[in-house]
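Each chain gets a letter, A, B, C, D and E, in the order it is written, and its residues are counted from 1.
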Amino acid sequence: MSSTGSEIAVKPQGTAQRTKTRELWRRLKKDKFAVAGGIVLLTVIILGIAAPLLTSYNPYDAVLDQRLLPPGTGGHLLGTDQMGRDLLTRLFYGARISVMVGFVAVAIALFFGIIVGLFAGYYGGLVDTIFMRGIDILMAFPYVLLAIAIIAALGPGLFQAMIAIAIVGIPYYARIVRGTVLSLREKEFVEAEKALGAGNLRIIFKHILPNTMAPIIVAATLDVGWMIIAAAGLSFLGLGAQPPTAEWGVMLSEGRNFLRVAPWVSIFPGLCIFIVVLSLNLLGDGLRDALDPRLKE
Amino acid sequence: MEQQPLLKVTNLKTHFFTDDGVVPAVDGVSFTVNVGETLAIVGESGSGKSVTSTSILRLVPSPPGRIIDGSIIFEDTDLLGKTEDEMQRIRGDRISMIFQEPMTSLNPVHRVGEQIAEAYRLHRGMDKHEAMQRAVRMLERVGIPSPEKRAGDFPHQLSGGMRQRVMIAIALSCRPALLIADEPTTALDVTIQAQILDLMRKLQEESRTSILLITHDLGVVAEMADRVIVMYAGKVVEEGDVAAIFKNPLHPYTRGLLGSIPRLDWRRRTILPSIEGVVPNPLEFPTGCRFNPRCPDAGAKCRESEPALKEMTGSQKVACWLMERGC
Amino acid sequence: MLSYLIKRLLYLIPVLFGVSVLVFGIMHLAPGDPAQVILGPKATAQSLAKLRAELGLDQPVYKQYLNWMANVLQGDWGRSIQMKREVLPLVAGRFLNTLVLTLFAALLAISVGLLAGIVSATRQYSVFDRVSMVGALVGFCLPVFWLGIILQFIFGLKLNMLPVSGMHSPGHSGFADMLPFIILPAIALSAEPAAVIARMTRSSILEVIRQDYIRTARAKGLSQGGTIWHHALKNALIPVVTVVGMQIGYLLAGAVLVEMVFSWPGIGTLMVNGIIARDFPLVQGIILLVSTSYVLVNLLVDILYTYLDPRITYD
Amino acid sequence: MMKKFFLVTCFILAAALLLAGCGGGGEQKSTADNSMIVVGLQAEPATLDPHQMQDYNSTRAGREIFNTLVEFKDESTELEPGLATSWDISEDGLEYVFHLRQGVKFHDGTPFNADAVKFSIDRQIDPKHPFHDTGTYPYADFTFGMVKSVDVVDEATVKITLKEKFAPFLANMAMPAACIVSPTAVEKYGKDFTKNPVGTGPYKFVSWNPGVEVIVEANPDYWGEKAKIQKIVYKPIIEDQARLTELESGNVDFIVNIPPDDLARLKADGNYAIVEQPGMHVWYTAMNCQKPPFNNVKVRQAVNYAINKESIVKNILKDTGVPAVGPLPPVIWSQTSDVPKYDYNPEKARQLLAEAGYPNGFDVTYWVPESGSGMQQPVAMATAIQSDLAKVGINVKIQTLEWTSYLDKVFVPADKSDMQMHQMSWIGDNGDPDNFLYILLSGEQWPEAGFNDAYYKNDKVDQLLKQARTLSKQEDRTPLYQEAQKLIMEDSPWVIVDHETQIVAMNKKIKGFKLHPTGVFRFEKASLE
Amino acid sequence: MSGALLEVKDVKKHFPIKRGLMSKNAGCIKAVDGVSFSVHKGETLGLVGESGCGKSTTGRLVLRLLEPTSGEVLFEDKNIYRLSFNQMRQLRRDMQIIFQDPYASLNPRLTVEDIIIEPLVIHGIGDSHSRRQRVKEMLDLVGLSSYHGSRYPHEFSGGQRQRIGIARALALNPKLIVCDEPVSALDVSIQSQVLNLLMQLQDMLKLTYIFIAHGLNVVKHVSDRVGVMYLGKIVEIADSEELYRNAMHPYSQALLSAVPVPDPEIKRERIILTGDVPSPANPPTGCRFHTRCPQCMDICRLEEPALRPVSDKYMVACHKYQ
C-alpha cells in the first residue's frame, strides 16, 4: 500500500503556492472536532481574561447566609458554593488560573526538556550519558510521588504545584526531543550544514530545533490537558493551589464534600476541567493528524 | 508460440478520492497477458503502473482508492465480479505478487519459513508440519543455501537478495498462473539483481508462469520481457513487442526514456538527450495528451484532445497524434 | 540474554542511588521537623531537641544519608517516625496491596484497551469505533479522583451494589472477599490507561496495516481479519507495549489518588501522610521501593520486546 | 501468537491472585456476626501503644485495651477509681499513694501489680530504663514532667512523688500516657509493642491488618462490667463522603467526622442515631499582643466586635460547635459566662478602631493552616473572617501553610516572630482548667517554653493562674480561674469562635453509647439491639 | 603526482560496534580500509561499488565530515586532518558536497532562498543585497527561476530539489564537489537532466568532481577515471573508457556484465556472482573478493593483493596480474 501511496501522494509540485504552515492550517480547518476544540479553548481563555467584565460578583466574597444556593436561585446562574460565593464567577476566574497552570507548566517542562533533549541528542557520548541518566532517575519516580516530594520541599501552593508537575514533564519532552534529534542528526541537510562550515550551535538552533517542533507541539497540546488534571490531583491531595483560590481543581476537591447536599458545587468545576481537557485533546489530535496526514484517511 | 490470453484487462480505471481531489491514477488501461509470456509495464513514478498491478489483485487500499470502471478477465472470469472470499482463494494461488522492497515486504516478526508455509496452509490445506516441509523445499528451489536452517530465520537476519528470494518463494509456492512482479530488483545491487532476474527466468521456464513485470528500468525490460507497455500519467502510451519498441520507439515519451539512460557503450560525457519538465501533478493533468507540456513536438491538437491507443505496425500500438498524422 | 539481564540489573544501582540521593535531599531540604510532628504542637523546646538527637537529626545531612544508606544496604530501612513500625515490612505489605490494585487495573486497562482498540481499528469509522474513541477521550479527560467519587456515589450509595472503602470485609481476607472491594477502585484507576491504550492500539494497527508486509499477506490470500490477527497485531503491539509500560508507571502514581478516595490500604495514604508528617525513613523507603519496581517494570517491558520483536536482541 | 498473548494475560492474572492471597494473610471468618460493629475512623491508628498515642484515631481504636489508675466519669472530666481503688494525697501535695485493684490480670495472663505501674511510667520518663527505647513518648513530659519518682511500696501500693506541687496531676493519671501496659508484653515485643498491645482493658487486641482494620474483642475476664458488644472493627475511611456512604449503605455501623451539611441531612433522615457531646476544645485566632497594631487592646476588641462568630458557627460549622464566650469550654469546671462579651457589632468596631488611631483600618497578614488537629475548617473560617474584617476596613491577606510548617512558623520566640494574627485550636488533655488557661495564656508560657502563641501577658492573670496550680481543692481554685477568665476576655488577645462538638452517627441498633469529652469511645457500656 | 588537487593516502575509517551499556568495543565495521587515490584539477573521478562498499564514507572522509581512523587527505597539499576547526571552516569554501536524497538534504523549514544564502551567512560573505543577488545567480545557473526562492523545498519535485542542492553547493565557488549518488533517487527522465547540468557546470566553472554512484553506466558516462570499490577497498582504478573496454579485476568484470542493457538485441555472456557481499565487520582474509570470485586461486585466500599499476593509468588489486 505504501508504494501506491507514494504514487498518489505526489505533492502539488512547483505550482503550489502554499507554505507548510498554511497547509497545516488548511488541513486543520477541515477537522471539525479540532476546530470545535480550538473554539472552545479560545472561548474559555477569553472568558477567563474578561471575567471582571462578565460578572458583578467578587469570587472571594463570602456571603455566609447565601451558602449552597441551587443554580438559578438568588441571582446566581450556577448557584453558590459552600461559602456563598457565586459559582459562575469563580468558574470564570478559575479559567484564568487552571488554564494558565496547564500552559505554564508545559512551557517550563518544554523549555528544559528541549534543552536537555537537544544537547543530549546532538552531542551524544558523554553529554548524552550524563543528561539521560539524570532523566532516568527522574523517570524512576512515579509522577505523583515525584510531584508530592517536590511539594514537600517547596511547600504546597499553586506555583509550587506548577513547578512540580513541570519537572515531572521534563523527562518526557527530553526523550521526544532527543529521539527526534537523533534521527535529524543523521539527515543530510545537517551534514550539508557541516560541509558548509556551520558551527554546532547554529546547526542545533537554526536547523535542528525548528524541525523538532512539530511532534513537540502535538505532545504539548495534549499535555496541557494532562497537566491541568495533574494539578487538580495535587489540589485534591491538598498540595496544589490553596483555598480560597478560585482554581478548578481546588473547587472540585472542596466541592466533593457537598456532593450530596449541593452536587453543583463540584459538578460544574469538574465539567469545566473536562471540557477544557477534551478540547485540548481534540485540538491536539487534529494537529497530529494535520501534521501526519498518513494516519488519517 | 501460441497466443492464449490468460489475463485481459480492459479499460481499467482506478481513481483515488483524496481530500485534495480525485487522482486518476489508472485511467482507462487495457492490455493482455498471454500464457507463458512476460509482459512488462514500464513507466516513471506516478505513471500508475503499480496501481494497475494492485488493481488486478483488488488490493487497492480503499478508501481512498476505488476501481470505478473496466474489467479484469482472468481465466475467463471477471475478477471485478468476484466476492472478497473468491478473491482470497485466487490471491497467492492462481495469481501472486512480489514487491519492490524485500526489506519491508516480509513480516519482521515471523520466521521466513512460516511466512512461506502460510500460503500452503491457506490454499492447500496442509498442516503445519507438512507446510513447513514444503516451505523448506521451496527455499531450496529459490537457491537459498541450507534452507532448513534459514527457514527458522527472521527476515532481518537475511540479506536483501535472500529476502527477495524468500518473496519469490512465497509467490511461487502454489504455482500460480500469473506472477505480478512489482519492481522486483529496484532495491537491489546490480550483481544481486542479476541473480534474481536469472532466478526468475529459470523458474518461469520450469513452470510456464506468466509474468507481469512492473519496472522503470528499460534494461530489465530488454532482458526479461516479451512484450512491453509504456505508461505515462495513468495511461498506456505505447504497447508492443520488446524488440520492436526498443528498435523503433514511436511515442516521444518512449523515445525520450530510451535516450536518457546513459549506456555503457555510449561515448563518455556527451550531453544526454532528456525529457524536459517534470511529471505532471495527478490532480491537475493537462488537457489533451498528458505528455504535451514535455513533448518537444507537441502541436495544437496535442493540447486539445487526448489521443487513443491505435495499432501501428505489426503488434505495436501507440497513443500519439503525431503518429496519426504520420500514417 | 542472561548477561543483558545482569547488566540491566546492575544498571539499577546508579539509578537507584540517584533516586535515593534525590529523595533524601528533597526530604531533608524541606522545611518541617519530624520531631515536632512526633511530639505534636504541645512539645517543649527541650524535648524537641532531645528527640532530634535521638533520631540523629542533629547530624549533618550527608552523615545522615550515609547512615541511612548503610542501614538500608543491611536490610534495616529504619522505623517509621509516625507509624512506629519498621519501614520495610510496613511498606512492603502496603505496597503489595498497591500492586494488587495496580495489577488489576492494568489487566482491566490492557484487556479493555486492547479489545476496544483492535475492534475500532478493524471497523474504522463504524459506530463501535466512534463510540469507543469518544469513550476513550472521556476516560482520558476525567480526573481519576473525581471519577472515583462519582463511582462511589453511583455504585455505593445509589445502587448500593459495592463497598466503597477498604480492601476486605471486616475480619476477612483472601481473594474472593477482596473482589467486590477492588472493582470500583480498579475501574477508576484503569479509565485513563485504558483510554490511552485503546487509542494507541487503534492507531498502531491502522499504521501497521499500511505496511508492505500486510500487502504481502493479503496477496498471499489472507482475509482482512486474518491479516490483522496473524500479521498486524503482533507488530502493532510493539509500540503499544511501550505505552503499557509507561501506563503502569502512571497507574502506580494514580493509585495514590485512588487509594485516598477508596481508603485502599496501599502506599498512597502512607506516602501522603508520611510527607506531611516529615516521616523521612518512611517516605524514603516508599520511594526507593516504588522506583525499584518501576524500573523493574521497564525491564520487563524491554524483555517483552524481544518476544514481540525478534529484530531486537540484547546480546 | 494470540495463544501466547493469552498465556501472558493468564500469568498476570495468576500473579495478581497470588499477591492478593499474600496481601490478606489470615483465615476466613464468618460475616454474620451479630455482636460485632464496624467503626469508620478518619485514618488508620498510628500506634496502639497508649504511651505513644497522640491522635484521635489511635486513642479511639486502642484506648479501651487499657485502663488507667483513675478514670474519667461518663460524659464528664470528673474522676473515679480505675485500676486504683483509692488514693491518698499528702498534705504538701507532693506524694500520691495509689491502692491498686487486686486480682486483675493483663490480657496475656500476667498479673497487674505495682511493678507494672512503675514500669509503665518509668518506661516513658527514665532515659536509662531498659525499655525506654521501645518508643517515642509525645506526652511523657506533659503528663509526668513533674514526677520525681515512682516507688513500689508493695505488690498493691504505688507511691508517686512530685518535684513540686501540681494540682492537675491526678487528672493526668487518667490520660492515655498513664495507661498501664503489660511489662511482659513490652519485654517480649520491644518496639513492636505498638502493634501488639496488651493491657487490662474491657477489650483485648485481636489483630491489626495495616491500612485495613484493627479488631478488638470483649475481654471475658474483665475486672469491671464486661462489654456487651463482642467485637469491634476499626476501619480507616479517609474520605468524608465515602465514610457517609458506607454508613448509609450499611457496611459500617458507626462513623466520625460528619461534614456539617450532611449532619443536618442525617438528622432529618431519622434512621441514624446521632450523639453529640461538647468537646474539650477551643478554636481561636490569636493576635500578636506585642506588636502593632494588635498591641493596642482597642484594636483587639474591635476585631472581636467585627467578626460575626455566630454566623460562622451557624453557617460554616453548621452548629457542630457551640459559640464560645471565653477560652474555657463549658465541659471544664470553673468555666463562666460572666465575662465581657463581644457580640457582632461592626459599628462599635469601627469606633474602637478610630479611637485606636486606625480610622481607615489597616493591612494585616493572617496565617492559616490548611488542616490540622482541631482546626475544624480553617480555610473557610479564615475566609469568613477576612470577609467580615474587610467591612470595617481591615484588609486581611490570608497565607495558608501546611500544618507541620505552620507549627514551625507559629511557635517561635516573640522577638523572632513576624506573626500578626493566626489561627490555633487547643484540645484539652486532662479536663483541668490549668490545661487551658495556664498553658495558653500565662506570660510564662510564651513560645518556645509554652503555647502562649499570642504573646499575651497580664501580670494579674499570671499571678492568678500560678496560684491556682498550687491549690489542691477544686472549690479553692474555681474563683481564681473565673477571675482570670474575666481579665483575659477584657484584654481579648484572641478572637474565640467556638468549642467543637464531638459528633458521631451510628446505626440505631447501637444502644447506650455515650461520648466522652476526651474523644475516647467507650463501647464497653454500649450494647446491640 | 604533484599538481593533484586532492590526494587521499591510505585513509581508513573503522566504526566501532557498540554493545551493551558499558560501550565496550566489540569489534568494528571497517567501512573504509585503506583507500588511496588522487584527483586532478578539472577532472571527474568516479567511485563505483555496491551498497556497503564504503564509497559514501570515502566521500565524507575526503570532506572531513567524518574523522578518519588513520590516513591523510591532502587538499592543495595541505593535510586537512591537521587543520583546526576555523582553518577547516575556511577550507570548506573550496570543497562541497551534493547528496543523494533530495528530500533529506534540504531543511524543510527554510525557504529555498534561505537555503542558498546559508553558506554566505556562515562565511559572512556580502551584505543582504549582494547575497540576494547571488541567490538569483545561483538559481539561474541551475535552471530555476528567481521566484522559486520564496518557496519551501516540499513544493519542488525531486529533480528540482537536486538543483537547489547544487545551487547551495556552488554558492561559495568551490573547487571540488563530492557528488554522492546525485541521481540515484531520481526518475529516469530527470536523471539525465541533472547529469547534463552537472557536466555543463563542470565545463563552465572548471569544477573538479568526485562522483560516487552504484550505477556503473552513470559513473562511466560522467567520469574521466573510475575507481571500483569492494568492501572498503579500491580494487581497480582506471580511465573510464579503458575500464569499460577491458576490465581486469574479476569483480569489475562481473559488475559490468550485470548491468542490464536496454537493447534486447545485445546478448552477452553474463557473469553471475554467487552469494552476497560479506559483512564489513568481518571481511574475508586474503583477497576480500575471493569468496565470490569465479577465478579464485589458492593465493587469493591467503594473501591480500595490493593495488598496483599494470600500465600507465591503470591500477588493479588482483593476484592474477601480479
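Miscellaneous remarks
What we mean here is this: contacts are C-beta pairs under 8 Å (C-beta built on N, C-alpha and C of every residue); 3 or more make two chains touch, one makes a residue touch a chain.
All of these numbers come straight from a predicted model, not from anything done at the bench.
With steps allowed only between chains in touch, the distance from subunit A over to subunit D comes to 1.
When every pair of chains is scored by its C-beta contact pairs, the maximum goes to C-D. Spacing of subunit B relative to subunit D, judged by their CA centroids, is 88 angstrom. Work out the mean CA point of subunit B and of subunit E, and you get 32 Å between them. For the pair subunit D and subunit E, the distance between C-alpha centroids works out to 86 Å. If each chain is reduced to the centroid of its CA atoms, subunit A and subunit E end up 47 Å from each other.
Looking at subunit B, one finds that residues 45, 54, 59, 61, 99, 101, 104, 278-279 touch two or more other chains. In subunit A, the residues touching two or more other chains are 1-3, 5, 11-14, 155, 256, 259-260. Annotation for subunit C: residues 31-32, 149, 153, 157, 210-212, 215, 230, 234, 260, 278 touch two or more other chains. Those residues of subunit A that touch subunit E in the shared complex are 11-14, 16, 18-20, 187-189, 191-198, 202, 207, 210-211.
By the touch criterion given at the top, residues 1-3, 5, 133-134, 136-137, 139-145, 148-155, 225, 229, 232-233, 236-237, 249, 252-253, 256, 259-260, 266, 270, 273-274, 277-278, 281-282, 294-295 of subunit A touch subunit C in their complex. Residues of subunit A that touch subunit D in their complex: 60-65, 67-68, 82-84, 155-157, 238, 242-244, 256-262.
Those residues of subunit E lying in contact with subunit A across their complex are 60, 63, 65, 88-90, 92-93, 95-97, 99-101, 104-109, 118-119, 122-123, 152, 154-157, 160, 165, 168, 172.
Within the complex formed with subunit D, the subunit C residues making contact are 31-33, 36-45, 47, 51, 54, 79, 81-86, 90, 93-94, 96-97, 99-100, 103-104, 106-107, 110-111, 149, 152-153, 156-157, 160, 163-175, 177-178, 229-230, 233-234, 260-266, 269-270, 273, 276-278, 307.
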